[in-house]
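Sharing a structure here in structure tokens format.
By written order: A, B and C. Residues from 1 in each chain.
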């Protein structure tokens, strides 16, 4: 394992093509997510051009995971019935080769979700997306953040992210002012975005759903995940310029996800 | 049963009177609905001038159904506790002669909700509202759509809608670019609306709640349901003209539901 | 017990200092609240400058209540798993001396929540916040309102509020066009606000969360609760002036919570 994964050059034209392909495919994203952000997450998917289906209880979540284009498993409020639903969906997604994203929200001090996150990380997720504190916990090298907020920087979690990627086979995305996406061998940083995403609830959770939406749009999950982050950041930058505070930011962000063209993404994305 | 139900002439002045009567009555609408759209549904009801109560768990939902002005049963995320709650509410609404609306969300491939929808359709709902694919499944002549999205047209579901109405005694409303409302003998089409309602989550689900709000406002459930659809469509048309995308559409739509006057409804509704 | 608690003079400068202190502390508010308003409540907290954590199921809610800055227990949709979660959180908050707020939503005719509200009122909440009908029921002198809406005035509930405060040791806040906050010995009225808060869902529920956010910011819970109400009212007044209806009011309100400065609060608050 290299101490530092080499940075990977990705032509912004590929981002534009992947966005175009996502919209053309209109992927049906099944979300098993937390009770706080279901509405915003569905609206983010619809605004971006995907379809959303929040099929999330035992007896249906497995059947649907076999039909869905991709699946999001977000551990924000994992009550007992939802834990059963998630296990059913993960098993069905794996059997059907449906790509899926794991978002280990607020793991660390909270025992049930932390144990569940380790269980799911071992079940071959396509992507793991979290904040630096969450990625450090999942990699076995941190104690967790403050509720849903990270107390660690993206840089501090970079080594853990690569280790986690190599161990699980997942693309690992670490969200922060600059995002890091790595598969353990290649790493890409996505710049831009807006601090307003931390002043609305679901700013991170909905990014996990957008990652799921992009996975069917490109055969390389690293490229799909980078494209998802660049798209999300570009829309957030645009929305911040049109808003007074978090209240006006949220609808402006949904508008921007709807209106941002592949060409605009190509022209404004900043990767390194 | 006629192969084609005759179209029914409805004076737009009746729509205006029914809206006026709904607002004057401020009906208390009990919603047993899916986790994704509870917030938006409550806000739609409040903006329109109704009251919303999301009393939805066993031990309380039956008691409340006896007090409520009307009840909505929406099958979008029917977990086990909610299924028990819905059965309790349907029984109490029936016993108390409280009008109620069934919204059979995404039935077809998903077994639990499909079985539940057939059970409730046989329990004398006042109105059944769905997209064309859902109505075809409930009438026994279709396989279902793509998640919450219809893969069939309103026209393709017209015959099934009339059959379903005659079999269940319910008014059946089929939503699409043009809506069809029928009681099996009479049929009305409502024109207008906005495709933006398909780019926000809950655009169809909240229409079910508005149907429930209008039921106490007119003795003929067909007239009440047509009035609800015409009101909803007129507000959507107005909101689309004031928005850039789905993000700005949602608040503009709530404003329009609040501001649209009976006179404006009378002047702009297009029925056939 | 005095028949009429003397009004209490509170310098508006104290409101400004308490707001400043709340934002500097960025309290982590754990919300056990109803399914309809989780998203809006979290967004209100984030806009105001607090942090939100909706950790709300058995096995985690107690652990988190020991870490949180304060806790909100809102009885809007208390299903069986949430009731267990609330009991766990209340016990842990009490053991850890974490301040907590009880919001007895829609008690009266609904038996499960009414019984639960009496149980929690006896468990030494720091603050009890409700509408007049809810406070009357909890004090033992009323039958309840119409769903979540009050059918009694703040004035009619003033005596009951003081009795309830003296009996439970809690600060009691009664919400209405003018809010009353009392600890049984001292009483303060907060003027202002906006009727638009009754045309969006969660207008009252999120105020309970803001009370929780302010509790760690001042040692006197009466002062903290008055400051929370004055802040909330000032933001609502400002938002109403910038909105066309309830749809545009909601984002304008979140912006106002984010933008309102301590100095603006000091200059515009009206207490009596």
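By definition in this document, a residue touches a chain if its C-beta (ideal position, glycine included) is under 8 Å from a C-beta of that chain, and two chains touch if they have at least 3 such contacts.
None of these values were measured; they are calculated from a predicted model.
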Comparing which residue numbers chain A and chain B contribute to their contact, where sharing over half means same and under half means different, the two sides are different
Cα rotation angle, chain A onto chain C, in degrees to the nearest 5, is 120
Chain-centre distance (mean CA atoms) for chain A and chain B, in whole Å, is 34
Chain C touches at least 2 other chains through residues 35, 39, 81, 250-251
Chain B partner, complex, touching residues on chain C are 34-37, 39-40, 76-81, 106, 109-113, 146-149, 198-202, 243-248, 250-251
Within their complex, chain C touches chain A through residues 28, 35, 38-39, 42-43, 46-47, 51-60, 63-64, 67-68, 81, 250-259
